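One chain, chain A, links the two complexes that follow: it is found with chain B in the first and with chain C in the second.
Now for the complex of A and B:
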């Protein structure tokens, strides 16, 4: 391990570490634009210059592309290096439009930070600036090419990392232009990361333009709940409106990036159509009232028909806390049936994966990147787990063989950005002895004999779940012997259905007299429920999610739930009649539309209302170990806990 | 649309290359001489022949100054503006060209004969200032010599 000195601080770093990273490890940030830890080194911007005073290399060097070596004496504050850096920035800034006040990047802009940090503050160049025409790049990304400082981060990410071929760099010298051959939607499912990776505002999130500044945002570490990969995100909210979702680094899962679905698909969280009021028989009321009414009705029904007539339903949308709390409710209503999946196919896929996987055979994303052979089994990877695509690509670029096993039932929604061989059956897949193999299976039904064949390949497994938190819910369902909802309902004995963030069928069978729903979205059936209890989504609540590889990750509430201020109906300020001429001048603590509660708390409160004990902590027993999980700690795999 | 014959010969050129990308410049030049300039249609055809995306072809096409992505005159005048030629009087030559032809850099004369484009070093610094007209090289150019060159090139 090379030992070197940086600004008089002795540093020891692993072989191959750059001087820039070595400096960062002791808290010294050398300004840089083109350098990004996830990308190959370009050394294009010339900003990270340092001076080497002594050792194997001497003089001004680019710290991003210089490997740390024994005996180096590095100065980041040498006047010569500082002068060079300030001149480089001045030069990079020559054509920059200085439109920070109208730029969405303002306040979270690397160019702003490093221009100041690099010591350039006064423009000397008085000539014309080069300008460009912008392109329409789809509904996700706004293009403002004039802001570009030619660091090549976008094109390196798009082509080298994501494998896209429709976005790149054109021209040469002072005319370089980053864009497409012709205007149009960017094709890569990871295109949204251009927003995160651009050091300035060339690519900004079109879905959150001109809404707020960085210092306005409320945000916390979150875990994306669109699919079972469990990418780490930071949802940025302002006045209860979710403005943007950006990627959050977790090297165990998503690295630095997230997919476009996780980034842009957020309208359902902001929509004013989300159910916000507790209701009893279609009439809005207070939460406590609704809970009391539900407790009373369940008690009555249990008295007449027995608790066997009650079904408690959840789904893989629940957090681990929610799923565990449902088992408590089932315990309290002894005899009631617990259900976590809409149908048997889904249940089999999820529980099958939970049963089959263990610490040894469950592949991590790192395993996937380093695999010699990757098998995509009956799977549209971009649709079912887009953030695994760059990992497979990494394996393929390293020389790994990728097979796509497809019997032709499933078609790819988009072409895969890596070389692969399509085969009709598993028999044609050859994983040579000693080779590191990974098989990725989608959440489509998997026949038992084929699963046995997959397990016998000797490869590590990635079994995607049919819902975002499928692994946690599947584990709980397995332990609590849950039954798929369609099976319970078809028995004809059900009188009451208590659905907690559950996927309801289109219509209920005859004989069900009580339907209660706790959810943050409402189907037509749920809207007509006898008791409706609004719940918070994953960005408005704390909880634990377990991804497909059994990694438990904690997510935290970004903001208190309620209707976004934007477009808020004035009725929330005009209780009096006639309506006042001005919004109220007295404070009140209520958030308009802010009655939602976390689902697990709703269940806990219901148990309490029904005479059970109070439940302050959902993670008990063996799950207690997850209570203090650090949301920024990368997560831990739960196999050890599960099998305890 | 390019003739089937041209397409076939280009496909052969690509087939003999180690990587398709390596043959890209040859393909683009052939298509350019067919169309007169590298049209969007030609970029599409090049992409198809090379197995690249249109963007990837355009990345290369816009990098090279002798691939024209806009219509040009019958003959293109490239005047070297790199350091040796610039020291040896590039600006004088360019000024004379502007006056003589009534165009500025990047423009085509009204009769469609000449397009004037400055270019990078052609590696003939010993004969600076240097220029090419329609692919023919001229060195040690002076304003007087330039008049003769233009006269000659206009006739041929």
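Now for the complex of A and C:
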């Protein structure tokens, strides 16, 4: 462990740590552009210069590419080092367009920060600026090449990390250009990360341009609920509009990055068509009224037909809290059937994975990166878990063998960015003794005998879930002996269906007289429900999600739900005359459309209305251990809790 | 004076295989193969041969850095990406005789344990490339290259790679990247190519002239080679290619330690049109100007370094009293600014900055503070990623060191003093 001194602070760091990282470890940020912890060292920008006053190396050095050694005496504030840093900024500013007021990166721009920090202020260059043509890079990313400071982060990410081939660097000297050979949609499913990784505004999020500044955003740690990988994100909202989603670092799951689906797929959360009003028989009303009406109708029905005629349905879209609260409701309505999956196939896949996995055989993302052999079993990895792609790529680049077992039923939506061997069956996969192997299975139905064969390979397992929170819901479903919805409904005895964020069939069987829905999205069937209760999405609520490898992660509310100000119907400020300024200068207590409640709270309040006890804390018993989970931590695996 | 590199030259045409062989060619290879590889390396080390590409690093020492116990291949690359302005010695050498390079590479491969070597040749050198391609075939046919050379177990394949052409490809790690099919950006050092070079294996990159010296060193011994030089610290001969304001622009082989005065007066027939010598660049564009005070400096690596310049590649560009050195420096900086690979900030952005300043000074819009800005660049461009930008600053450094008054004159008069009103 080398011991060195940085700005008179003694530092001890592990062997191989760079001086830049050593300085970070004691809270000194040495300005940098090309350095990024997830990428290989480039040492191209020359901004991280420090001066070594004493020790094995002396003079001005680039701290990103200099390994810390015993006895080094480093100064980050030496006049010579500072002069070089200010010159680097001056050089970069020669061609930068200084268009911060109209740049979407303004306020969250590394170039702005380090320009101020660098000490350069007055322009001495008297020549012209070089200019570039921008390219159309698809609907996700806006390209503004003139802002480029040539740190090469984008191309290093795109080619080396993501394995993309359609974006790169062209030209030389002052004409270096980062783009595609021809204009067009970027092909990599991780292309959106160019927005996060660019230290300035060359790549900005086209889906959220010019909506707000960084300091306007409300954001909290969130866990993406598009698939069961559970990537960490920061959804950024302003005036109740979800404007951008950016990646949040969690080395146990997604590293620094997120996939394009998790980043750009957000319109359905902002849409004005989202159901926002509680309704009884199609008439908007107050939430309490709707809850009371539902409680009364359920009680009446239970009196006439017995609680056995009631189905309580959820889905893997529920948070762990929501799923647990449904079991409380089922207990309250003794005899009611609990259901978490639309059909038996989905239920089998999810519950099968929960049963099969344990602390030892469930592979982590780190296991995947370090694997000697990776088997993709009947799986379109980019579609079902895109953020596992860079981990498999890391294994492949290190020399690991990747197999794609495909009987030909599933086709790949996009080509995989690593070398692999396609085989027709598991029999052709060879995992040599002692080799670290990982098998990734998709959420498509898998025959039991094949699962047994996979389990016997001696490799660690990654079993993707059919829904974002499938592992949590599957665990609860297993314990509460839940039955798939299609099976219950086909029995013909069901009179009432209470659906909480559940996947409803297209039509209900004859005989069902009461349909109640609590959801943040609504199908035609749900819209016609006798009682409709709007709920919040994961971005507008607190909760716990468990990803495919059994890792529980806490997410927090980024903003209070309500109709986004953008496109807000004037009826919402009709009571004011004249209409208020935009944005409103006077806060009003009531948020238009802001009646949505967290799903688990809706269930708890329903139980209360039906005469049950008050349920203030959904995580009870063995799940109580997850109450204090740090939303910004790495998350914890729940196998120990589950088997308690 | 004993010729070594130009020994086999024939006036107006390339030397043939038979001429080279019958004139004593391939005797060095035969001698080398009879020795142990480490002994061959020791002879080169003892000869005091220094890299002729410009840096002057001792060749034997460079070879000794290659680890011999690592599994996997080792590579030898001949750097023939001769793009330094003012330098054309490798072209002159290869257009006269490709065989000493081929023989030298074969010996180097033997000394280093290399199975496969490459010649990375500048795109424009079509005649040289054709000579080499023919020479390789002839040597193979004669059993001097390829499988089982001279009936021994020693085999070498030699491949000719025609560069796509950039100045930066002369930088050895950029050359390696280019040879691998990547962008010619230099690599982070360490690890040096001797440890991790081409396809991450130990690699030696040597200049054409360096390798062409090797056969004669082996044939005649290290002491003989050392004795060729005119000064005791030097070793061997050097190709000097002279251009600019001299009567005869020639590429001539002279002992290391020959003075500039002798090169210009004796071998180039003096200055052109009887003009007075003003300055010269001694070793390619990335070296500092030498002035009339330096005409008697022996042209050897260390002595030229002592007077603040570099022997470099031996590409001498001579300027006379009627020529503007601001314009000359601007011309060179323009070349370097264009040839930057664009990887690191100081080189990519700093060189165009200097170019813009020199342009302004030359047209009479210079300011006093420009001198300060240029001095900052001379100092801080040393911290760029590779040696291109520091090399580019060398002529500017020489300009400000020896001809500051001339630069000032431009600024104060608001015009170039060497241009007539009509030219302005």
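A few remarks follow.
Convention: the second predicted complex is superposed on the first by the 630 of 644 C-alpha atoms of A that agree within 3 Å, B and C clash if a C-alpha of one lies under 4 Å from a C-alpha of the other, contacts with A are read in each partner's own complex, and residues count from 1 in each chain.
Just so it is clear, a contact is a pair of C-beta atoms (placed from the backbone, for glycine too) under 8 Å apart; a residue touches a chain by one contact, two chains touch by 3 or more.
Owing to the predicted nature of the structure, the values given are computational and were not obtained by experimental measurement.
After alignment on the shared chain A, the placement of chain B and chain C results in a clash. When the two structures are aligned on the shared chain, A:620 is found in touch with neither chain B nor chain C.
Judged by the touch definition given at the top, the superposed model places A:95 against chain C, while chain B stays out of reach. Of the two partner chains placed by superposition, only chain B is touched by A:181; chain C is not.
Of the two partner chains, both chain B and chain C are touched by A:169.
Put chain B and chain C next to each other and count what each touches on chain A; the higher total goes to C.
After overlaying the two complexes on the shared chain, residue contacts for A:152 are found with chain C alone; chain B is out of touch.
With the complexes overlaid on chain A C-alpha atoms, the stretch of chain C that clashes with chain B is 330-338, out of 6-14, 60-68, 330-338 or 348-356. Once both structures are placed on chain A, chain A residues 169, 171-172 are touched by chain B and, in the other complex, by chain C. Note for the complex: chain B touches chain A at residues 40, 43, 52-56, 58-59, 62-63, 65.
By the touch rule above, chain A contacts chain C in their complex via residues 41-47, 49, 60, 62, 65, 83-84, 87-88, 91-92, 94-95, 124-127, 149-150, 152, 169, 171-176. Chain C contributes residues 166, 168, 183, 188, 337-346, 348-350, 352-353, 356, 359-360, 369, 373, 376, 380, 383-385 to its touches with chain A in the complex. Taken in their complex, chain A has these residues touching chain B: 165-172, 177, 180-182.
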